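Next come two complexes built around chain A: one with chain B, the other with chain C.
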Partner chain A sequence: MSVIAPNFKLSEFIKSLIDDIVWTVLIMSLIGIPAIMMILFYVPMPVIDGELLTPFLAFTYLADPSRTLPIVQAFMTTDMFKIMAFPGFGFAALLAAGTIFVERKMLAKLQLRVGPFYCGKVEGILQLMGDGLKLISKEIIIPAKADKPIFWAAPVLFVASAAAFVALIPVAPGWVVADVDMGLLAVFAVIGFFPIVTILSAWSANSKFPFIGGIRALFQMVSFEIPLILSLLGVVMVTGTLNLSEIAASQSSFPWILFLPVGAIVFFITMLAELERIPFDLPEAESEIVAGWLTELSGMMYGLVQLGTYLKLYAFAALFVVLFLGGWNGPMVVPPFPMEIVTEGIELGPVTAKIAGLPLFDQEMLNGTFWFILKTVGVIFFILLPRGVFPRIRVDMLLNLGWHKLIGLAFVNIFIALGLVYAGVLGPGGLQ
Partner chain B sequence: MTNELPPGLAIQKVDERIMTLNVGPQHPGSGHMRIIVQIDGDYIVACDPDPGYVHRGEEKMAEYRNYITNIPHLERPVIHDSCNVLYPYVLGVEELLGIEVPERAKYVRVICSELNRCIYIMYWLAIYGIFLGHSTMFMWPAGDRELLIDLMEKISGARVTHAHFVPGGVRNDLPPNFEEVCLRQVNYFEKRIKEYAAVFYDNPILISRTENTGVLSREDAIRLGTTGSVLRASGVDYDLRIKEPYDVYEELDVHSPVMKEGDSYARSKIPWLDMLESCNIIKQALQKMPKSGSVRVKLKPNPKGKGLDSVYKRVESGRGSLGCHIVSDGKVEPYRLKLSVGSFRNLIALPYLLKGEKLGNMPSVYWSLNYWPVEADR
Partner chain C sequence: MKSKLVGEIAGNYSTVVLMFGFAIVAMAPALLISRMISPRKKSNPVKFLPMECGQVPSGEGRTHFMMQYYPYILMFVIFDVVAIFLYAWGSALLELPKSATLPILGFLAIMFGAMSFALYQSGRRRIW
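Presenting the complex of A and B:
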């Protein structure tokens, strides 16, 4: 298979790697370590547990879990960890990357194809990394007449808006980046940013096809935002709160989709339109307007918009789970942590080690995260599925659907919720 | 010196609301041509198709080659439908040279022609599907096409450009055991394309998108000179296989599909019904074909026409009537060769159909015309 570059030889590649390692070790040991020691000579070392922290002691800390784990645990309670790693950007980006791969593979199976196959040995799991590398290494071409500062800023703003959306999603009890009381209102505010960013990007490119695509995106997002907001009002009425964590916690015995199915359906359809997914991908309809508002974006600018799109997809699916499917609530499937490891220690050959700082995550959190991810992936699957089944619809049909049918259905949902509250079946705080 | 220009060259004053879009040739939805579309908001106010980007001079090339060496390059305009493109030329040369074709060769030609029609329509259907944003309808026909391509490869040795029809019959006899293989593949193919109805033709979104868009009335269809599936979608029952049967079509039971609506949906459904009919014809031809016999009359090297003579033959191709006019002056090459193709005749309807439509309807109307840019440019 001549898939790799023609002049590639494995032996030379390994040789170059060994060369690099040897040179790095040589330079480090001859220049780096003496330099570090000279610096350390002048720096006063802190005293920990009555011992002076020498470099040897620092290495011991790294190898000793009972000393490292409390540090890790302390780091995990910081906002930095929440924003970067777990309920925030890193977790969402990982799920988004998984979504892209699953989408490509699933669509391929649906269409009697193979899909990504060669990259990464096993069913092409590294295809996404390859695509990312390609996008990074591509030249970014800016149209000569574009409004350059805005054109550069738009993809970054898009990712930033999507990340702000992700920050509002509660994944497990207590695990949310921004636990605000006006959570749902903040979601509406963040969703309101996307059409602005889109039209900024489209208009600043100063080109015809992006302009038409941007106008279409504006029409679509603005006209679907109203049924989107109205469809979620039912949930707010029966729970009596706008805090997303409290809405999720209120569904400990049953999800709201059982009582408000109309609202869930309206929200799902508007969600597809907000995400510009088939059958509502008019702003990117390639047979009419090339790639819509993405036409002039190239290289990593396009990659950023794609990243933002999939982050948005994850956030919408997660919002659906939180509002209608019960969020993190689910039967307890995670086994309890064996506490005797902490109290009695583990026997490691001749010594018995007592590890402080365990468990890193409690049982509730692991269970909540498990159910949350399971439900989110399920919703994402149903968001991806129409791409293999439906053609694209036309802009007048889209607006007709948004303004005539979905708003009406959203009001029907509000009346159902009102009925439930006044009849005393449901009320703020859950089942009464 | 006056500033007045002739009427055709005068600069048109354009309303500021109107935007001119160049759809093509480097546009994913145009094919090898350009459509200059003027839009007011979302409505198309004028449309000017501009073909000619893939003109290859096939007709002039034919004047420098003899009757046999013309075969491989004359099928190039539509390589997916190469047997049908070559058919009128071969029929014309046979009449010019006065050759009688063996019965078995005629049946083999009909089978090849119908197989090629299906191969072409599957390719067209794949493009039509992807331009409506239906990616499954792009992959399925592109995959199921392989069934028939395999059959053609068994017959002629080549996957797309077969060069199988020659004056006096076909190049080679069918391979042994071909009848059973063909019947099996065609039956499976028929079963597969019937499944397309569920995912594509009965899809409510597709129907709502293509119904009542780009309506071509029966009178307009006749007046504009459209042909093939476009004409039959407007309610005109005109199929050359029935009206002017060539080779053995009169011995076969051919029912050409006709629809009355004349909209984009009817135009896209007629080719699919055509494929089902083609499967029927292939099965009939396989039954009635003589089981043995010659398939080719041996010709002299460099056959010549008999003095000043001309002949016009036409067949029903995947895109409608396809005619070939050959003028001979008694030499080994034709004096003049003219192809009259269905694609070009259907394209004429495009400005009339798109005027007043929404921009979102452009791909569905344009590709429903069953237009093949390379064939139109020759």
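Presenting the complex of A and C:
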């Protein structure tokens, strides 16, 4: 093979590998292990087998799978795990990454192109990783006379606002980062942050194209905020609660989209507008104003804004699922965990090991997550689809649509909900 | 309905703030790492000019920009609050007596009147 670098020497390659290993072991033992111990001293330890775990024991247990699992299980109930991994940031970022890849491939198929193809051998599956490496190694150019602190902070704040939105989404029964009574109002509050971050970024760049884009984003989000809020009032009226978990749980027999289709359509259209997706992508209209409010963002700052955008997309799709499509409810498809593993243990050849705490996730949670992800992916598909189909609309058409048509339809939806409640179809004494 | 302390209710929202903080703590290093490993060349001052399609920009970047849709901002300030007020009624609809809907209908009638007047005025472009 001639593709290997011409100066390649096997001995030096092995030497570099050994060097790496030695350095890793050295740094691990000098810094890593003390750091882990220090962290363990500050983490509240769980009680296992009737005795309180000490940091020393916890560290030793980590090497033994049958003893690691209870620790992992105890860790999974903490807020930190929920924020970092499962219903929180990690889960959402994974779905967002998948969305970016699917969007690029699907859009390419719609336009009879191939799309990402070479990176990662199989249909360009590593394209996103390559893009990330490219973005992180690119120079960040800040325009002269920009307001530097705000310009640096805006992409991070954008991702953080999107993460705060994700925090309010219930994924499975009990699996939600912030289970708050006023969940829906908190969602509206968080949505209100996005235009502020957008206009801050646009204003601080000291450039005309971002400023025009930022103003457009402000107008767009302002004119679609009211139909957004009003279209969800119907769901609140028939459920009588603002807690998102309770709203999802109330749809165990039928989703609200069957009774309130008008509200679902209005919410979907306003969702497209809040997400700045085609046909409402005026703030970043690339054929008119370069890239709108993203014009001056370069390198990793642009990457962070993209991450925030797709986190927001996931959160909106998940909100649609929770409010109109029944959230985690669905027929049970996940098989129950085999009880003999819990009672008798696992046989591996001659050895029978009994591992404590094995069903890490219960059947209900796995089933709920499955249905939630399935529905969310479906909604994300319908959010992506208009990009290959529709042209962009003008700003006066946008305002006309938002103020004259969608608000009227949202009120129609409210009266439908009112009629359903007073006719006794829904609510106490009705269906369900 | 069990009563709760105000601090208890506010404490429920701490995880939202934690998530906000976690995203900042997790994502700010990406910018720092990028700043460390990426090239930084100050070869040419033109490179740091704002983007205006290759032209040297003239004038201020933060100018007054006429969008001509100012009435919609004014309407937003009013009707956003009105829409949130409706939630106070909507979330308690199942527990309220049916006669409580009549004042809300009156409220909505006033709101529709005001909104149609505002929309009519916003359509008259030359007065803005």
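Keep in mind that, in the parts below, the second predicted complex is superposed on the first by the 365 of 432 C-alpha atoms of A that agree within 3 Å, B and C clash if a C-alpha of one lies under 4 Å from a C-alpha of the other, contacts with A are read in each partner's own complex, and residues count from 1 in each chain.
Keep this in mind: a contact is a pair of C-beta atoms (placed from the backbone, for glycine too) under 8 Å apart; a residue touches a chain by one contact, two chains touch by 3 or more.
Values in this document were obtained by computation on a predicted structure and should not be read as measured data.
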When both partners are placed on the shared chain, which of chain B and chain C touches more of chain A: C
Touching partner for A:V290 - first (chain B), second (chain C), both, neither: both
Contacts of A:L233 with chain B and chain C, given as first, second, both or neither: second
Partner chain(s) touched by A:I257 [first = chain B, second = chain C, both, neither]: neither
Touching partner for A:Q111 - first (chain B), second (chain C), both, neither: first
Contacts of A:V395 with chain B and chain C, given as first, second, both or neither: both
Chain B versus chain C as contact partner of A:W403, first or second or both or neither: second
Partner chain(s) touched by A:K208 [first = chain B, second = chain C, both, neither]: both
Touching partner for A:I191 - first (chain B), second (chain C), both, neither: neither
Contacts of A:I83 with chain B and chain C, given as first, second, both or neither: second
Where chain A meets both chain C and chain B, residue numbers: 208-209, 212, 290, 395-396
List of chain C residues in touch with chain A within their complex: 9, 12-13, 15-24, 26-28, 30-31, 33-35, 37-41, 45, 47-53, 57, 60-63, 65, 67, 69, 72-73, 75-76, 79-80, 83-84, 86-87, 90-95, 98, 101, 108, 115, 119
Residues of chain A defined as touching chain C within the complex: 79, 82-84, 88-89, 135-145, 152, 155-157, 159-164, 166-168, 177-181, 184-186, 188, 190, 203, 205-209, 211-212, 215, 219, 222-223, 225-226, 229-230, 233, 236-237, 240-242, 290, 295-296, 299-301, 303-304, 307, 395-396, 399, 403-404, 407, 411, 414, 418, 421-422, 427-428
In the complex, chain B residues that touch chain A: 19, 21, 27-29, 42, 129-140, 143, 199-200, 203, 205-206, 208-209, 358-363
Contact set on chain A toward chain B in their complex: 107, 110-113, 208-209, 212, 278-279, 281-282, 285-290, 387-397
